[in-house]
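Below, chain A partners chain B and then partners chain C, in two separate complexes.
So, the complex of A and B:
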């Protein structure tokens, strides 16, 4: 075994395997194979399946993590912060109100530069009561410093959790990651997920060894003491720099993962059907975007010159990349599940801010769709775009 | 190949498992698959829909199935309006029924019937007040559509279910496979 014996065990993955599993289970397998050391979580629909699976692994003896039972999401995040500060690799999963309840400590983890990774199942907020998909729960934490990944299918969930550790634990990053998937549409849908052999994954993702500091009684340091403005400012500007720097690290890690395991879902963003002459671009995210790939095929068959950009990483935001892709386009069509009440879709707001630093001024069409997990079928999305384009005639 | 299978049952009858077993079986034969359900307030006895997609390439669609190529009905007492929606003449309908259930002439798809409830009674496949027809119907779908082999369904079942209930359910799959009848008028 190439792994030192004090790493938590992850049994049952001597060879590459494919499982037909839910998005929740994909995240759980990834946590197990990442040899996570500490898990703390509190169940909430629809993310419960993930921590149930982790709990099964731990109980069955195939996963060597310490599973801390807690009485709330707030405590779960607090436990992760403590454990992560000692240099442990940590994991949790939550959703909607669970995430908002831990929000204070999600910011804390970010501002303390702790590279914990959480699987977030994006779910609507109440009232009215809803358990279905919407991304405001995590996008509401957009400004916290957490790196945020929005996955389009179960394979991407698995791969992204693994890669998130490598990125978050990079010595030039040290920020938490939220790996997000749509409620039910991914979390409860069973689809094939390919997993590499454990030894190959171990080569890709070595043990976490913090280089800055550890919470260690033998080597005491003070955490979170009062910082006067000049020091506080410096710490926050460091976060600004680190999160910007994370863009290149995400690209490098995704390229390395692709080389080793043949899986690539885009890095900061993913394009579909775009070339240098494309005039009309759809921008979307999460599982909706994968269905819209079908819409793009339909529209191209009808003679429309359209392509798709899926914003995979919301923070750090792919601003330069979007400017480059959009510099010669005529229209931009946002289809997103994430409104910022009082303005527009969250990805639209960020994209338009990014484009403002360039010369392109495409006409923008805004569609808030799929709220509460409502189906956005390929046909429906194609129809939206066709109607947008008809208004130009 | 792009097949969209919609399963109709009642909460507690195991339609989610039907969708998973069929997907697992097709995956064993080298297909790309997806199995899911529409989740709401889960109540025993309430009508439920679940879905399986089987394709030659990666499945990109994530929406529910509106125009199924196959519909399988686990419970004969479900309102027809629920499961006949979206059927076309190229679709296949497989109903759990003790006889050739009558449909209006507009329903011109290919039809099959199987007495899955009787099979469940014979095999004592029962949870609380529900007769469990989910595994029988996976055998019936395999027979009626030829989408997957019987052996693949059995292997998938072993993967999806606890070993202690394999025996009865494998028998149910085999009986479902062997006792699925096309409608007299050539299936139409």
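So, the complex of A and C:
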């Protein structure tokens, strides 16, 4: 018996296929094809579709994972922590209040160095009750150590979940990943998603074999018990080092994935319509950024020298990459879905901090748009940028 | 991928059982269990029940044919479970302040 025979089964992917599916289902297919061993989840709109699909796969016998039914998101995350600590590849999906309810254990998974991967469907927080898109739920966890990916379309959701396992399980990383998509705009909208053959994916993503530690009755250890203050600095700086190193690992894994399967959505960030002379840069994220690609074309047709940077990975933050791209620009325009109350947009804060370590001091324009899933159309975004640029005249 | 020679390692919070890894917990004690060795039958019930575990039978001790029960006061937190379980009722829980008085007397 070979090693792969011991892995949970994932049937029905002998050949590369294209499915027309929602973002939720894209994440579910990715979990199945990653040969996830343990799934624990509690349904919450709009992420329910993902775990419903996983549950379908497990019930139908095409996915060999253990599906643990739990009574809350808090328990779901706790189950993943336990399973991951024994060396199992784990998966869950949640949204908004579900993610906040498991927040304590998201931090635990990160600080315990457990490489679980979760599909997060970004949803506005209550009150008032809303089920539409906004990214504060996961961005509020940006200091936890979790690697965070913000996807622009369903294909990227699928590819990012697969790549997230490879990155999180790298022996220099061992941190959880949140693969985020916008509620409804991606989670409930069907679009084509290409999937490689299972055997090719297995070559890319082998079984998870933890090298840092594993709970094993044959070699008992107490994990994450009490410790004294003198131990913390070293351990926490070890997380700092791992998450910094993750930047290069993300670039390498994305390049490898592109070479094998022809899919690339940028690594830490993605650029659109940028060259060395670009004077005005728009910075955005998630599905809004894909819409703004059209705005960039519209503005270029009107003679404006604009380009777009989509921040794909919020943590680790692409600070050097942004400094390099923004070296010679005059203005920077943030269009983002997540405010940090009392200051500015979350990506704006991080970007300005990154630029401060360089020489560029572009004039910044801040736009918090698309709250609770409000459409940010290409025309609307182009209009915002045009008005910003008119103030310079 | 990062340099294979690179010796960076991810560090986790793992610990293995070791004596006194949390320091000398005997300082937490309010009541001290004191064994009446003449009444003690060496049944070892106290050894079994001690949650720390800091009670042992010292078989090398020649004062009795079965040895002698020893409490490690460096780690005994004074919970009193041994005194409660002792079938001979030969363990007394005595306030630590009583011993302080003795020590003070000695100092004088």
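We take it that the second predicted complex is superposed on the first by the 390 of 393 C-alpha atoms of A that agree within 3 Å, B and C clash if a C-alpha of one lies under 4 Å from a C-alpha of the other, contacts with A are read in each partner's own complex, and residues count from 1 in each chain.
The rule is simple: a contact is a pair of C-beta atoms (placed from the backbone, for glycine too) under 8 Å apart; a residue touches a chain by one contact, two chains touch by 3 or more.
Keep in mind it's a predicted model, so treat the numbers as computed, not measured.
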Fit or clash between chain C and chain B when superposed on chain A: fit
Touching partner for A:249 - first (chain B), second (chain C), both, neither: second
Superposed model, angle subtended at chain A by chain C and chain B (C-alpha, nearest 10 degrees): 140
Which of chain B and chain C A:97 touches, first, second, both or neither: neither
Touching partner for A:366 - first (chain B), second (chain C), both, neither: neither
Touching partner for A:279 - first (chain B), second (chain C), both, neither: neither
Which of chain B and chain C A:190 touches, first, second, both or neither: first
Partner chain in contact with A:213 - chain B first, chain C second, else both or neither: second
First (chain B), second (chain C), both or neither touched by A:171: second
Nearest-approach distance, in Å, of chain C Cα atoms to those of chain B in the combined model: 32
In the complex, chain A residues that touch chain B: 18, 20, 46, 131, 153, 182, 184-186, 188-192, 287-288, 290-291, 293-294, 375-378
Complex contacts: residues of chain B adjacent to chain A: 19-20, 23-24, 27, 32-39, 59-64, 66
Of chain A, residues touching chain C in the complex: 112-113, 171-174, 211-213, 220-227, 234-235, 238, 241-242, 245, 248-249, 252
Footprint of chain A on chain C - complex, ascending: 1-2, 6, 8-17, 22
